Structure formats: structure tokens, C-alpha cells
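Both complexes shown next keep subunit A, but they swap its partner, so subunit B is in the first and subunit C is in the second.
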Partner chain A sequence: MSLHEWNLTMPRHPFVGLANYAQILATPSFWQAIGRTLYFTLVSTGLELLLGLAIALLLNRPFRGRGLLRALVLLPWALPTVVNGIMWRWIDNPDYGALNALLTQAGLLHAYRNWLGSPWSALNMVILADVWKMTPLAALLLLAGLQTIPRELYESAAIDGAGGWRQFLGITLPLLRTSILIVLVARTIEAFKVFDIIYIMTRGGPGDGTMTIAYYAYTQAFSSLLFGKGAAISYLIALFILLLSVGYVRLLRPAQ
Partner chain B sequence: MLTRRRTAVVALLAALAIGLGACGGSTSGGSTAGGQGSGMQPAQQTVTLRLLTMKQAAYSDQDVQAMAKGFEETHPGVQVDITFVPYESLHDKITADQASGSGVYDVVLIDGMWTGEFARAGFIRDVTDRWTPAMQSGIFESSKDIVRFNGRLYGVPWINDTKFLFYNKQMLAQAGIQQPPKTWEELLADARLLKQKGIVQYPIAWSWAQAEAVICDFGQLMFSEGGHFLDEKNQPAFQTDGGLQALQFMVQTLKDGLSNPHSISYLEDDVRQVFSQGQAAFALNWTYMYALANDPKQSKVAGQVGVVPTPAFSGKPAVGINGGMGLAITKSSAHPDLAWQLIETMSSEPVENKYAALSLPIWKDSYQQQSVIATGPELVQAAESQFARMESRPNVPWYNQMSTELQKDIQSALLMQATPQQALQRAADFTRQLAQQQ
Partner chain C sequence: MRKLLAPLLTYLAAAAVAVWILAPFAWLLISSLSPNVDLLSRPLHWIPRHLDFSRYVTIFTSSDPVSSGYTFRRALVNSSVVAFLSTLLSMAVGILAAYAFARLRFRGKGSLRLLFLATYMLPPIALVVAMYFILGQLHLRDTVWGLALVYSSFITPYVIWLMSGYFEAIPAEIEEASLVDGCTRLGSLVRVLLPLAVPGLVTTAIFSVLLAWDEFLYALIMTSSVAAKTLPVAIAEFSGQYMVDYGMMTAGGVLAAIPPVLISFLLQRYIISGLLTGAVKG
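Then we have the complex of A and B:
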């Protein structure tokens, strides 16, 4: 399909070779969408990993009510993305949103802001919504990794006089490498094709500020009925994700 | 090593999933209907008609359900199954449904600018020969326009709508303003006064979100400046004269603090909420806002809501933007005759009159009916003069593509990232290319 000029409103779908790809690669808005998507992917994956790790470390320590807290932490992740998106749209509402109310009452903000009203702020608010939802998954995966690390290692390290930070760098991090890799790859792929949360929260606006690459493919195919172009963009997305994943694997391959 | 291989497999699977998604991408929610009921079945068999409509503006969900119920009562054995989606999802939902080749819906609600696109794509049926003489003579010409393409009719208008100027009577009285504005210049002067007196922080609320909503407000302003989206040769005309002045007007009201700066993320229903909360003195919106803003259960300003035709620029005639929508039979429907009967019932004069409070009838005669006038004398009066002079957004098969680009460019001007000239020029270049490719 990506090799045809496939305009649904036209009776014929002539073969055009790589023309769709050439056209897309020459479109500035495609590259802007790629740039935005990379930013989204890096920031959201990075934050999810860091926060997830912090939560996992916390939940790995024994304390009262740990089981309950472990279950509670998963709640945002259990929420459907659509619900999450609608919820955050309400939180970010410029006139009666909870975020405005909270920040104003805390004295951090003197006038209500339109969080989804400028391209830069909207993109970051969508990232915030994504991080809120997906951090629990990262925490869960990392917690599972943490539990496989034998306690004896820490005990012997403590006997050798290694402090908490040394233990973390020397034992936890290396042994958690596989879990981190899984989180990174899974979240990068997910984040790179982010679509639903954008569809719900901003529909690519304002001023294309949240037009990520998957949403761009969607508008080409379904709003403009250019299925050939939409398909070509989707293949390009797949290619980008493949490159990213290969990069990760190289980066985090255990030294041999 | 194992990790590496596993990861590569994950990546490949993900890539494949996306690629396949793109090819078959049009699978929609359900996959029933379609083949059901081919050939004559025993009379007892129930037939389900699936109707896709929208969940905002015009008729409320309850109204539509009541209409369907009325139809079921007179058509035993027929069940009407209704799906409501937000307006913003409607176009793409129809596309996904029909492009899949096994569409689920029998009757779909279409906006006027999609008629050409859907007709050319073969998503909806030509129903010109089903139109009765009574329909031909009784329905507004401007309403027929919305389902007409190349001289043929592809549906029946169901919603007759245009944007009105709503105002808060109490706020205007407080500011000593005797009567609502008739021109955009008067409106700005009033807004300035309201702001100066501290009666309302941002006097005007608009629906300028990156959606069709912003095109409607822009189009309304452009039409009242005598501008057009396209010229007779279907070449872009919005970047000059009327269109340019409209966008400059929009940007200036933001700079002056007369328009609510949050307008940039408002859809029509957000405008209704803001107005109903008493946070705006003026708002441009569709018919449905009148009843809802006057409903004490949903509005703090009930009883203070005034409505007049949209202003003109001084010296120019007032022109309303055509916001009518129609019902069409899908190509995939297995029951086109029943689908037609459903459409005929839902758009019939008695039914339209009965539910006139939220959406005004498409029938000329309705405006003489006491029952219709009683739903809101002020509104019906405003409607009469507004419906007499309406202009439509262009009904070309590539309208949606043009609109998508224009929405983005208008927003870049509203965000002060580009001047109105630059923004519209960009959209015009894009549109010129589009027109050429056809």
C-alpha cells in the first residue's frame, strides 16, 4: 500500500514506487513530528525509569503495609489510557482544573494557566500524563528484578564495609541491567508510537505542538484519506523503532 | 546474548504490528452486521439498523434516542442501535468503518464539507431519486446544499444550524449597554467597556482549538467581511482580503485581552461551559447553546442569555456560516430501504418540530408553527434572518485536508508564532498544491 498513491476518494490507486517515501522525507512537518516524538520518548522513558527505580527500591524494603502499597502503586497503570487522558484533560483545564486550583492555593501560581494552550506546555503535560500512567509498570518490572538479587551479596558487601551508595552501584545496578533494558526497550517502543493519549488530550494541537509521528500518520490516513502516505509513515516509524532498539541492545550488552 | 536476541525479537514483532496495523488499519470497533439479513427472512426476524451520530451540539442523546424509539414503534421488527461519538471523531470513524470494506453502520451523520469526499470515495449512496416532491420544495435550499455534490443528493439534511451571537444580558445592562452589538466593531467597543469596568475579565469566548471549530469561527468572521475559502476555480482565496482581516481581527482581540486567551484550546462545548459559568459576556456558538445556557441545572446564567444574529463588519451584510449536517446511507448497508425510512422519519417535519429546542428544523414551514416559535422566540427570530443568508464551507473532496492544514496555520498566528499573512500564505500554498493534484 505504501508504494501506491492510495487516495481513498480516487477511483484508482496507481503504483508510484518510493514516491510516497520521498515526499514524506521532504516534508518539514514530518521531521518536526519526529523531533517531537524523540523528545517525548526520551523524557517520558527517562522519567519513568528514574521514578520507577526509586519506587522499586522503596517497595523492596520491608515495612508495614508494603503489600497494600505495592498494589496501590499499580492503580494508575490499571486505568485505561482513554480514562487517563480524559482525567488529565480535566486536571489541566484552564478554567476549573485541579492543577490550577492546587498551584494557586499553594501560592505557586498567581493566575490560572492554560496548560494545554501552548505547544510547548501541552507537549510536557501530555508527557506528565504518560509518566503518571506508565511509571508503575517500570516500577513493577524493576521490583521483580530487584527481588532476584540474592540478599547474601548485600550482606557480604556490608561486611566489607561498603555503604548504601557503593552497594547500589556495585551490586544493584549491574544485576538490574536486564530489567532496566526491558523497561527501556518496552517503554521506548511504546512511547515512540504514542497515539491514544494525544488523541484524547490535545488531538495534535495547539499549533501542531503535540503532533507526534504516530498521530501524524493517523491524520494522513484517516483525516486526509491518503492511505498510501499513512502506510509509508507507519513503515518509517517501524524503522525508527528498530534502529532505537538495536542502539539500546548495543549500549547495554553485558561486557564479554 | 539471550537478552539481545529476545530484544531483537520484541523489536521486530513491534515493527510488524505497526506495519500490519497500517495495511489493515481500518478495522473498527465491531465486526457484526454487514452480512446479516441477506435475502428475505421470515417476518419475525428482527433487523438492526445501526446509526452513527454525534455527541455534542444539536439534538441531545435523549432526543435522538426518542426519535429512534418513535421509529421502532411504527416499524415492528426493526431495532435501531445508536452510536454517539464526539463531532471531532465522526469523520474518521466513518472513514475507518467504510474503508474497511465491511462497514457496520447503515446510517451516518455527515457534515456538509464531507459530502463530496465521501461521495467520491463511494462511502455513501446517491439518494436523489428517493427524495419526495414535498422534501424538494419544503426544505431550505441552504440545507440541501450540505448533502449535494455534483448536482446529486447524497443524504437528507437533519440539523439546520448556524452560529449565533450569545450575550449575557445582565453584564451588558451593568455596563450600561442598551442593546446587543450589530457589528463586530460595536462588539469590540462593548467588550472594551465591559473589561474596563471590571465586569468580566475576558469578555469574548471562542472555539479556537485545533479542530474544525476554529475554522467555523474563522469562516464566520471571513464571511462577514465578504471573504471566501475558495474562488470559482477552487483556488485558495482565504489568504487575502476577508480571510486575512478575519485572522488579524482574531489575533488583535487576543492582544487586547478582549478574547479569552484559553479560547485556543476550547471546542464549542467548552465555550458553552465558560459562558454558562458567567465568565464571558459574548460567545459565538451553535443553536444548542441557547437551551442549555438557559437551563438552571447546567448554567449559572440561566435567564440572562440573549441571542442575536452574528454581527457583520460595518457596511457589510450579515452572513451566517452554514453548520447544517445530514443523514446518509452507507454503501455497506444491507438494508438501504429501511435505512431510508429511518432517515425520512428522523428528518420529517413533525419530528424536527418536536425536538426544535436544541436544533432548528430544516423545513421552511416550521418557522410559522407556534410550537416551534415557543421553544425560544428570540432564537427563532434570530434564526429567520440568519438562515436567509448563509454561506457554506467548500464542498470539495479534499476539504478535510485543507481544513487540517488551515487549523494548524491559524493556530500558529493565534499563538503569535507567525503573522496572519505568513500563516495564511502557508495554508494557501498547501491548498493550491492540493487543488492541483485532483
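Then we have the complex of A and C:
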């Protein structure tokens, strides 16, 4: 299909070879969508890893209510993506949103703001929603890694006079390497595919501010009805993810 | 001083995490129960003056076929049917394949397994155009059957992946004994292996249901009427219309969230073990 000009408004679908690919690769909006997707992927994966690690370290300490908190942590992950999207869209609402109300009532903001109204802020608000939902998953995977680290290592390090920070850098991080890589793999691949939350929160707008690559493919195929082009973009995404996974598998192998 | 400070900081951090997780969700729930006056007031009323259940009542009683309440109710049923059908289909196919991967030796096993993993990693947008035309050919577009069929295409690899891990963890000697006693391969799978793999089956089924319940892109493209629209699609359409009824939108969101949130809360032990099995093998 990607090798044909497949336009639903026309009766025939002539074979065009690689013309679809050539056209896409020459389109600036395609590269802009790639750039936006990379930003989304880097920032959301980075934040999820850092926050997830912080939560995992917290959950690894003994305190009352730890079991309850661990159960709570699953809640955002279990929430359907579409529900997460409408929830944050409602929180970010320019006229009645909880975020505006909270910030103004706390005196941090003087006038209500249209969070999803400008391209840059909208992209970051979508990232916020994604981070809220997916950080728990990172936390649970990292917690499992933390629990496999033998306690004796910390005890002997403490005897040798290593403080908390030194123990973290010297023991925790190196031994957590595999878990961290797993989180990175899973989250980058998922983030690169991001579609649902974009559709629900912003539909790629305002302007093209939140037009990620998966959403771009969707608009080409199902709004512009250029199925040949849509299919070609889909193949490009698939190819990229495949390359990404191969790279990650290489990275993971020496660790095991 | 240090002895007191550390636990205090731990509890503060724990409280912060709990608030961060609960606040957005609590706000969704409160919004769905607030009268419109409170919902659309500035400054905002955090606590509704009285609880308003009317939206939930509308969803469960509305009989007007063009109303949003009716659409929601139908979507709730469709989502449940699709989740059930696709789980059943994926488990039936996936368990047999997982057994083959775990116990039989054949050529190309390793690369075939990798291929299944790769299909799971592919973005749905890469397949949806092709699926759209295939379902059209089969006259299954806009039916729950068609949707279940499409869903099983990405749930089955997941079932294979998880279940072959669980099968491998069970010693092969147990089945070999039953084979010696005159069981067929299928007989020993059903009578010996599956009962031993019940925790794995539960976990896998939970994940299948959650995946099907959450799916959006395929449902958005393959369905167009109340006959097959699932909850995510109903909610998305509803919130995208010209006039947005925020109250109804939040009530629909709460209803769509209840099953997966309940499942994960009650069966968190299984879910965490499933997430780890999946991750470790990924």
C-alpha cells in the first residue's frame, strides 16, 4: 500500500514506487513531528525514570503504610489512557480547571491561563499527563531491582565509612543497571508511539504543537485520506522502533 | 536529631507521593458528583454543596437512542464483550503456542519468538490502515466480533510471551510422567500443566482484559455506531463535540476507570508479578 498512490477521493490507486517515501522525507512537517516526538520521548522517559527511582527508593524503606502506598502506586497505571487524557484536559481547562484554581488560590498565578492553548505549553502539559500515569510502572520495576540487592553490601559499605550518597553511587546504581535499562527500553518505545493522549487532550494542536509522529501518520491516513502516505509513515515509524529495539537489546546483553 | 529526622522525611515523602497520585483522580470523581453550578464557578468550589448523582442515573436509565447516556451504556456493554471475547480468543490460541515454545523443539523457534515480540512492539498506527481494509473485506467493520479479532492480534503475542515463561518454570518431568501413564500431549497439557499454571493464567487473563479495555486507536477507526463503539471512543467523541458537558465527561471517565482500577487494586499481587515476568524477559 505504501508503494501506491492510495487516495480515497480517487478511483484508482496507481503504483508509484518509492514516491510516497521521497515526498514524506522532503516534507518539513514530517521532520518537525519527529523532533517533537523525540522531545516528548526524552523528557517523559527522563522524568519517569528519575521520579520512579525516587519513589522506588522510598518504597524500599520500611515505614507504616508502605503496602498501601504500593497499592496506590498502581492506580494511575490502571487508569485507561483515554480517561487519563480527559482527566488532565479537565484539570488544565482554561476557564474552570483545577490547576488554574489551585495556582491562583495559592497566590502563585494572577490570572487564569490557557494551558493547552499555546503549542509549547500544550506539549509540556501532555508530557505531565503521561508522566503522572507511567511513573508508577517505572517505580515498581525499579523497586523489584532494588529488592534483589543484598543488604550485606550496604552494611559492609557502612563499616568502611561510606555515607548514604556514596552507597547509592557505588552499590545501588551499578546493581540497578539492568532494571534501569528495562525501564528505558519500555518507556522510550511506548513514548515514541504516543497517540491516545494526544488525540484526547489536544488533537495535535494548537497549530501543530503536539503533532507527534504517530498522530501525524493518523492525520495523513484518516483525515487527509492519503492511505499510501499514511502507510509509508507507519513503515518508517516501525523501522525506527525496530532499530531502537535492536540497539537496546545490544545494550542489555552485556549486563546479563 | 538525625534519628528523628529520617523517619519524618520518609513520611513526608510518602504523603507527598500519595497526594500526587490521588489528587487528580479525586478531582475527577468530585467533578462527576458536583452540580453544574459548582463545576462552572469561579473561584472554584472544591467541595460540592450537595452531591449530584444525576449523570450516573442518566447513563444507566436513559432510553433515548441518540442521547449520550444511552451511548455510554451501550459502550460499557461493548467494551465488556470485546474484552471478554478477545481474551478468550487470545488465550485459546496463545496457550497452545506458548506450550509449543516452552516444550517442543522445532526449526526457527528462536527467530519466530523474536518475531512475536517484534509485533508487540510495533505501533498500532503502523498496522491500522491494513487492518481497516482487512476488516472491510470480512464485513466485520463496526462489529464487536471484528474488534475482538483485531485485539487478539496484539493480545495473543502478549499471552504467548507471558505463558511460555510460566510453562518453562514448571518442571517437564511432571508431564513426562503423565505421558508415560498414557495421556496424549493435549491431555497432559489440559489435565496436568494448566492446573499447575493457574497463577500464570490469572495474571495473563487480567492483562488481556486490561489491554482490551484500554485500547483506543483501533476502536476509534474500526467502529462508527453504538453497535460496536467502546468506552474510550464514546468518551473521546463526547468530549470532542462542540458543546462539552464536563459533568457527563467526568462521570463517563469514572465509570470507565472503575473495572481496571478495581482489578488492579484487588489483584495487585498478580499484576506486579506479571509486570516483572514481562519486563525481565523483555
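Here is the rule we use: the second predicted complex is superposed on the first by the 241 of 256 C-alpha atoms of A that agree within 3 Å, B and C clash if a C-alpha of one lies under 4 Å from a C-alpha of the other, contacts with A are read in each partner's own complex, and residues count from 1 in each chain.
The rule we apply is simple: contacts are C-beta pairs under 8 Å (C-beta built on N, C-alpha and C of every residue); 3 or more make two chains touch, one makes a residue touch a chain.
Everything numeric here is computed off the predicted structure, so don't read it as measured data.
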Subunit B and subunit C placed together on subunit A: clash or fit? clash
Inquiry  = A:F227 in the overlay: touching subunit B, subunit C, both, or neither? Say first, second, both or neither.
reply    = both
**Asked** Touch check for A:V185: first (subunit B), second (subunit C), both, or neither?
**Response** both
Mind working out whether A:F195 is in touch with subunit B, subunit C, both or neither, as first, second, both or neither?
second
Look at A:I55 in the shared chain and tell me whether it touches subunit B only, subunit C only, both, or neither; answer first, second, both or neither.
second
- Answer with first, second, both or neither: which of subunit B and subunit C does A:F30 touch in the superposed model? neither
With both complexes overlaid on chain A, does A:F40 touch subunit B (first), subunit C (second), both or neither? neither
First (subunit B), second (subunit C), both or neither touched by A:A98: second
Touch test for A:S245: subunit B only (first), subunit C only (second), both, or neither? both
Between subunit B and subunit C, the one with more contact residues on subunit A is chain C
- With the two structures laid over each other on chain A, which partner does A:I237 touch: subunit B (first), subunit C (second), both, or neither? both
Stretch of subunit C hitting subunit B after superposition, from 19-27, 199-207, 235-243 or 253-261, is 235-243
Contacts of subunit A common to subunit B and subunit C in the A-superposed view 1, 95-96, 182, 185-186, 189, 193, 203, 217-218, 221-222, 227, 230-231, 234-235, 237-238, 241-242, 245
Subunit A partner, complex, touching residues on subunit B are 3-4, 7-8, 10-12, 14-16, 18-19, 21-23, 25, 88, 91-92, 95-96, 99, 117, 120-121, 209-211, 261-262, 264-265, 273-274, 277, 279, 397-398, 400-401, 404, 407-408, 411-412, 414-415, 417
Per the touch rule, the subunit A residues reaching subunit B in their complex are 1-2, 8-10, 94-96, 114, 116-119, 178, 181-182, 185-186, 189, 193, 202-208, 217-219, 221-227, 230-231, 233-235, 237-239, 241-242, 245-246, 248-249, 253-254
Subunit A contacts subunit C in the complex at 1, 54-55, 58, 61, 63, 65-66, 69-83, 86-91, 93, 95-96, 98, 101, 104-105, 112, 132, 136-137, 140-141, 144, 182, 185-186, 189, 192-193, 195-196, 199-200, 203, 214, 217-218, 221-222, 227, 230-231, 234-235, 237-238, 241-242, 245
So, in the complex, the side of subunit C touching subunit A is made of residues 7, 10-11, 13-14, 17-18, 20-22, 24-25, 27-28, 31, 39-44, 46, 118, 121-130, 133, 210, 213-214, 216-217, 220-221, 231-232, 235-236, 239-240, 246, 249-250, 253, 256-257, 260-261, 263-265, 268, 271-272, 275-276, 279-280, 282
